[in-house]
Amino acid sequence: MDTKQIGRQVLTELMGDGFLERREKTRNAFNDVLHDYTEEVCFGRTWARPGIDRKLRSILNVAMLTALNRPNQLRNHVEGALNNGCTMEELREILLHAAVYCGLPAATDSFRIAEEVLRARKLLD
Amino acid sequence: MDTKQIGRQVLTELMGDGFLERREKTRNAFNDVLHDYTEEVCFGRTWARPGIDRKLRSILNVAMLTALNRPNQLRNHVEGALNNGCTMEELREILLHAAVYCGLPAATDSFRIAEEVLRARKLLD
Amino acid sequence: MDTKQIGRQVLTELMGDGFLERREKTRNAFNDVLHDYTEEVCFGRTWARPGIDRKLRSILNVAMLTALNRPNQLRNHVEGALNNGCTMEELREILLHAAVYCGLPAATDSFRIAEEVLRARKLLD
Amino acid sequence: MDTKQIGRQVLTELMGDGFLERREKTRNAFNDVLHDYTEEVCFGRTWARPGIDRKLRSILNVAMLTALNRPNQLRNHVEGALNNGCTMEELREILLHAAVYCGLPAATDSFRIAEEVLRARKLLD
Amino acid sequence: MDTKQIGRQVLTELMGDGFLERREKTRNAFNDVLHDYTEEVCFGRTWARPGIDRKLRSILNVAMLTALNRPNQLRNHVEGALNNGCTMEELREILLHAAVYCGLPAATDSFRIAEEVLRARKLLD
Amino acid sequence: MDTKQIGRQVLTELMGDGFLERREKTRNAFNDVLHDYTEEVCFGRTWARPGIDRKLRSILNVAMLTALNRPNQLRNHVEGALNNGCTMEELREILLHAAVYCGLPAATDSFRIAEEVLRARKLLD
């Protein structure tokens, strides 16, 4: 498999069957370079590496996206973290830890997004 | 033990014997409230919690401090990560992963700081 | 009163009667640690301190949340600032001052949010 | 012409006829200082300068607003960039370039906003 | 007085006699536009406004520069805050308050810079 | 040529003969993945693309690194911008433009770094 194929496989494993198909429908003449970059550089080249497991990569993203203030991507990576075996208890600890370092407003925004994901999955009332 | 004592114990376990003594000498009439906050809120209240282990807390900090652009604290937490069992290989993967999400300049700055710590410990030529 | 009770009292004084009750209804198994952190660390431990008054604490938050790009929390603290005696004229000067230091886009976003709060309170047409 | 008049002329050339009129209707007792600052400091004093052309100023804004995480202003300046002769192909390259330096989440958010503008102008299906 | 002269007077009142002269010596063919912008837009147009006093403007800057991670300017504005009547106790409360909202690493960096200024003025051992 | 070779050629054209050799000496068992990422993803895959010229890519970086607060990389890309034909006058306009959008402290830090580069090249007294 080439880097792109590897990336697409990792992305499927991370986000579930059907994700790639739905995502492919949003590809167009403008964003195709970003789709390629995401599949090849992000997932094929980086996520596919050994050395740290995918659960940790998901967790790193939850922490970094909280610090970077990127709620749209955070939502996807909370999904990914849960898919990769991160529990609700771990997620809670990670975001509470982030409150100390990134500040309370950053943690509050991330808790809200994580809650929406958890509720959609019936993991939280 | 009260929260402060717990925090001071965690801090000692994380940064090694003597750290707290050296740190205590920098306490003064201005920064005492920050010393207390660090010991009580950060280490006693948050780091001391179960749910995720200390190695992961260190790793989260390496990732978040890269995103937050805080090299002084990053240096301390690279030390802490190594003390908590994070290997050079894991550190490298974490910072490479950060290159994709936080951008290459953020990762480049963090690699340089981690290298300085690794070299001081004779883990890198 | 313990730190939590002090924090809850400060929060009530800042955001008005009924705020805590509405907020309590959003507490769940996931976010309870964040609720505790907010009440104890943020309001009980920090806001409750003497040394600077609450109006200034609100004003600091308006300034910092503009810099930090956190519109959800900014909205709450514009409310808090008005409750703590900050006038529309002061708010305007603070956000104009922020335009110079945080950049015009940051100030523009914050002006829009403050306007929404002022309009909801009938302080602005 | 004084600085304000120059600024209003630049703003009209950048955003099209009618923009200033629509914008003027949003001026009120609270935000008038921001309107003045925008017209005088931003457009009259800075955009009106020679040395770099307006297409480049628009492009700089697309890049900086991606880094600064300010989607509302980005939308306006993608409009401005297209009005100033920036092509869809150039816009795509600029945002892909930003993926490397600002990180993939920043680029992903900006691609989405640029797509919305391009689609509203029938430049993209 | 025109805006530039007003700005230079405010700057002198804020930073003390001799500041402007020392600063003028650093003006050159490259940075003259920035010197003008600072004197006219920042100090002449904004700092000179009524509505909030200069002590509060200094305090806002200490808070915003902590959030923005700009230690060079923070140093100047800690100086300015002390010149404008901000006490060491107030400064301490402001930076402790910032720990909650901007995160502990931001506050730790700012405490260190403020300490250096206080020590240089013999206000702290 | 493969992506790595293309990237190394672009890097040489951007930073001058000898840059790659000096840089290669800093490669080690820890940072080799970052060196590869820089050469392949940043320069081979992205900078090597047509669509916008290298002068504009340098200029984008000066703007984005000002916003991102990354002085180490900014220094390199001010060098690169000058190598790619950006004049001192253009650089000045770009950074003045950044003052409006990123705030005055960001512009002030970047002016200082650009001045150091210009002075080292004898382009400024």
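Labels A, B, C, D, E and F are assigned to the chains in the order they are written; within every chain, residues are numbered from 1.
Note that a residue touches a chain if its C-beta (ideal position, glycine included) is under 8 Å from a C-beta of that chain, and two chains touch if they have at least 3 such contacts.
Since this is a predicted model, take the numbers as computed values, not measurements.
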item: Chain D and chain B - chains in contact with each; value: A, C, E, F
item: Pair exhibiting more inter-chain C-beta contacts, E-F or D-F; value: D-F
item: Distance-maximising chain from chain E - centres being C-alpha averages; value: A
item: Geometric centre distance via CA averages, chain C-chain A, whole Å; value: 30
item: Touching two or more other chains - residues of chain F; value: 41-42, 65, 68-69, 92-93, 96, 99-106
item: Residue ranges of chain E in contact with chain A within the complex; value: 100-106
item: List of chain A residues in touch with chain C within their complex; value: 69, 88, 91-93, 95-96, 99, 103-109, 111-112, 114-115, 118, 124-125
item: Residue numbers on chain E that touch chain C, as the complex places them; value: 41-42, 46-47, 49, 51-52, 56-57, 59-61, 63-68, 89-90, 92-94, 96-102
item: Interface residues, chain A side, partner chain F - complex; value: 41, 45
item: Touching residues on chain E, where the partner in the complex is chain F; value: 28-31, 33-34, 37-38, 41-42, 65, 68-70, 72-73
